[in-house]
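Before anything else, here's the structure in question.
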């Protein structure tokens, strides 16, 4: 196979260069737009597969140039980056199909797909950023690219949500800028290095290092929806379904969680972070968020808002796994990065189908939808059961590792936390399934008796549901997310 | 006849202005070509500076202090290049924006004289000559301010004229004191001078005059109305370029004169902070788009002065670079933003922010340009504005000046708030009665502002070479 | 110490300060302008005392004469049409006035202290100028400085004038052709008599500028006075068709000056470096052309608006 | 007491008066007058600085600078006055409407 040292750049450019073309396309050039969208998404999946292969063979990719004296723009493709890039590429392909179907006759498609594609570029950039400075650049780009998507409908409500979203995320970004500057001033580098770059600083100026940890994790916690920075997410649910799917499963919240991972593992190093005494408070904060999100989810009648609070809770599993400072928990955290993405995107696309096909947006109106849209609801149910942690589905695998990691780290409370959370998951998901499958729609249920949604809306959630099944059932197969996760943990824990 | 490129950067626009004035029918052709030719002269000069570090020409063969020398180093060439590039693109934008024949006829000679004056400032090494140059700039700039001919523009132009004259007179009195004390007027003489009472008075007078001309809070009172009421290309030139001339002289003088003490540096930073806060509040309250953009200029000027003061007196040797980057970034982004605002006003028919979302016409490309320019002005990566803000905060953090970091962060949040008012108006659709055509309102005229805005974003990726270029010839080293 | 002129200097200084105060305080604007003209002439007198006859001449002709004419014309214009309703400025509260006065007083005191502390008869360009005079091509030091040593400044100064006239033409567009303040018949006869004399004086000043006080600016100002009189007496009325020639006249000085500055460069010489053997010729040429431009420009600044064809005002028919 | 000192202080006093007037004056024309006063004050300073105890000739350079300054000032004054005239016309027309 030919060797291409610029491969990471190409992966970035597939979406970065497509965006201006998509912006410029006239509104009616629908098929050309779809062609470019799908073509680029598939090209990206192919390139990512190639990149993963090369990285697993031990090829090192490292692209850099100086933006300021000593400060580099740096792209790298380490296994952790591959994990996130692969997730993005695959889910993006699926979401693109879904979006094309969802927005078939909607307005402002040129703008939508332009920013949608910029979003991918930003996420891929976040994944492959080789230092915190580069990470920051893409992190802010992600904020800017998602804002027009959140307010896509252009209503007063959407704009209000957008403003809140922008204030939260840009304030978070500003604090991240402060943290990056602090890192640069303290350590003289912002590079991501397994084991961290702050050993000496932590020894000589522990207070400054602790403050830096709080600033960085706090900043990233905005997008990772750590309590009390989570409020924007349920409000941002005003966005169109594909956007919500994307924000929750891959882009925004994951960017935050992924950033926390980078900071804990490769800026501080897990040992330094532990030595500073910062990991346990973070774990506790994650635990609080897990319980809080779940409790809030129970009372939400709006389907998307219920799912949103569920995300607040579920994403913190990742943070929890990182903060427990145990390699086993880390496996759980990384696996959950993938698994939560698959599960949540399934549920959001399904929710979108309910709204599109049946006009159902509330939990209280879900009676009998299972019979009206069996495929969609089957996918939804599978994902919900996985969330609850039913073996052998994907969610079970991550929770299993997290629980073991909790024991390993000597934090027995984690077991209780996970059990409690699973119980709460069941409390807010099972009634939905019950309504969908075991209740009758009643007389004046759904306007179209057999709702027509095109294959482009129907197929994506089913596909991701199958992936949920596969990821759980074949967790130990080579090249499964879990296997790749173990590979990463070995690097981060320098074993 | 063979002349060095430095002299040409002054004479090309001067002859262009003369030609455009005596041949009014051909002005629209002469104008852009003169700016282009000026740009070529700047490119030649840049090559010389790259090779030699700094270039000096003693005009008339009379060396300073008797004669006047022109000197180009990295910083001056960067300013010249920014002026020429922004000027060229604004010129292209003006070809479309100026529909009135009379406006066209007067825009070009005034703008080319303005260019002559600014280039003279960037190459000048003699403080009296700088006084004459800022007057050339002032008269041409006032002419451009009132080009639209409305009562509001004329009122603003008159206020601007008063402020300009007063600023220049303060500067001239300062020049008098410098001569009184050291008997010469060149930069080299200033550097060699011993501190004294008369010299402090001179410094104070000149700096206050310049602060008035560059509109640092609380001497900004004349700026918003003047910049907001001019026609779009004139606003772009005034906001993007003209205020930078006085700012540039300030930077030079502040480092050449006997070192300002810590209190003075802190005072300047504090005024900058005042500009950031007060300008931000006013931008939040502005009713018209162009007024908001003008207030953002007040904010950005303040930010530049914070960058200057970011690390106190000891840090001045480095801080000027952060200020210079912010100057370049603001020049490019603000010109783009004013042109875009002008395009939006042209297409929609008004620029009342509250009612922009009632329009069925959405000049998409101009709005996109506005958003890109806002990214650089807010200081989001990877724009040049971000690099400037990074340098500012980095220096302040390293020196432990937390207050400047805090002010900058507050200013950033405020700028997000006021720019998002505009972006929200662009993207709201539920108040429109007629069907919205999003791809309406494109024009070739969008090309110039879009190019400017895109460069404001992408130049951030080239910040390292830009920074090493402005250090050529040690603009702030021991010898001029 | 007992210079008999000290008392004169003291009295003149006090008079100047008092006149300045009066210009600001006197209620009637016409009186203020007249006081200002007196102030300018007294200042010029003081500058003669300070051995600066060139400057005194320039101040009297341009700073006071032309400026005074401009001010009077403007006042005339303002009084022609009724002042805007409610345009009377609000009375300024006394505390503001006092604060302003105190602020400026403090600055003045500070500057005065700095002046007293500065070295007397301090260093200057005296020696450098004396040394360079033989290479300047002219005999009068001020002219040498203006047109040779610091010719760049002077070029830019004419550029300022050019910018001003362009700006003024631009500002006063489409004005109704309000009658300029025409003078009576007596003045007209006077003008016919005086004009030739002024032309002679102006030309003489220009010519003498190479050796004695005088030069392009003073000469130009005197010639501009010719223009002012022509305009005032309506002996000359600008017409739209004169615009082309006027434009050329405005740029003549600047263009020629810049062209010479540029053309002499080459062969080791830089811009503005006149070959010594041609220096006097070139300087005189520049001065002559600049004088014409200055005269025409100053007259145009006085006239104000660009002479454009005016559409007949509709309201005059209605009346 | 030398003329240098007397006229130096005169110039500074005139400059100060002009400064106060330009900041405080309400009338547009009066502000122009005040600025004009300030400029004469500034010129005084340069001429005083050029003065040498007779019989020494004064330094010609400041004289040249002042001549330049006078021409620059008349240009600026002319523009300011043109603005004032034009504004007056516009405001009078606005009132008539």
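Brief remarks on what is shown
Note that the chains take the letters A, B, C and D in the order they are written out, and that residue 1 is the start of every chain.
Definition applied: a residue touches a chain if its C-beta (ideal position, glycine included) is under 8 Å from a C-beta of that chain, and two chains touch if they have at least 3 such contacts.
All values derive from a computational prediction rather than experimental measurement.
Judged by contacting C-beta pairs, the busier of the interfaces C-D and A-B is C-D.
Centrality by C-alpha centroid: the chain sitting nearest the overall protein C-alpha mean is B.
Taking the CA centroid of chain C as reference, the farthest chain centroid is that of A.
For the pair chain C and chain D, the distance between mean C-alpha positions equals 11 Å. Distance between chain A and chain C, defined via averaged C-alpha coordinates, is recorded as 73 Å.
Chain geometry summary: the mean Cα position of chain A and that of chain B are 42 Å apart.
Averaging Cα coordinates per chain places chain B and chain C 30 Å apart. Shared contact sites, meaning residues of chain D that touch two or more other chains, fall at 15, 18-19, 39, 41, 45, 48-49, 61-62, 65, 68, 72-73, 75-76, 79, 83-84, 86, 91, 94.
Contact of a single residue of chain C with at least two other chains is seen at positions 111, 115, 122, 124-125, 129, 149-150, 153, 157, 160, 163-164, 167, 171.
For chain B, residues touching at least two other chains, in rising order: 66, 128, 132, 135, 139, 142-143, 146, 154, 157, 173, 177, 179-180.
Contact between chains, per the stated criterion, is found for A-B, B-C, B-D, C-D.
Chain contact summary for the complex, chain B toward chain D: residues 66, 128, 131-132, 135, 138-139, 142-143, 146, 151, 154-155, 157-158, 161-162, 164-166, 168-169, 172-173, 175-177, 179-180. Within the complex, the chain D residues that touch chain C are 1-10, 12-21, 23-27, 29-30, 32-34, 36-37, 39-41, 43-45, 47-54, 56-68, 70-79, 81-86, 88-89, 91-92, 94-95. Interface residues of chain D facing chain B in the complex, by the touch rule stated above, are 15, 18-19, 22, 28, 31, 35, 38-39, 41-42, 45-46, 48-49, 61-62, 65, 68-69, 72-73, 75-76, 79-80, 83-84, 86-87, 90-91, 94. Chain C makes touch with chain B in their complex at residues 110-111, 113-115, 117-119, 122-125, 128-129, 132, 148-153, 156-157, 159-160, 162-164, 166-167, 169-171, 173, 244, 247-248, 250-251, 254-255, 258, 261-263, 265-266, 269-274. By the touch rule above, chain B contacts chain C in their complex via residues 1-4, 7, 11, 14-15, 17-18, 21-22, 24, 57-62, 65-68, 102, 106, 109-110, 113, 116-117, 120, 126, 128-129, 132-133, 135-136, 139-140, 142-143, 146-147, 149, 154, 157, 173, 177, 179-184, 196-198, 200-201, 205.
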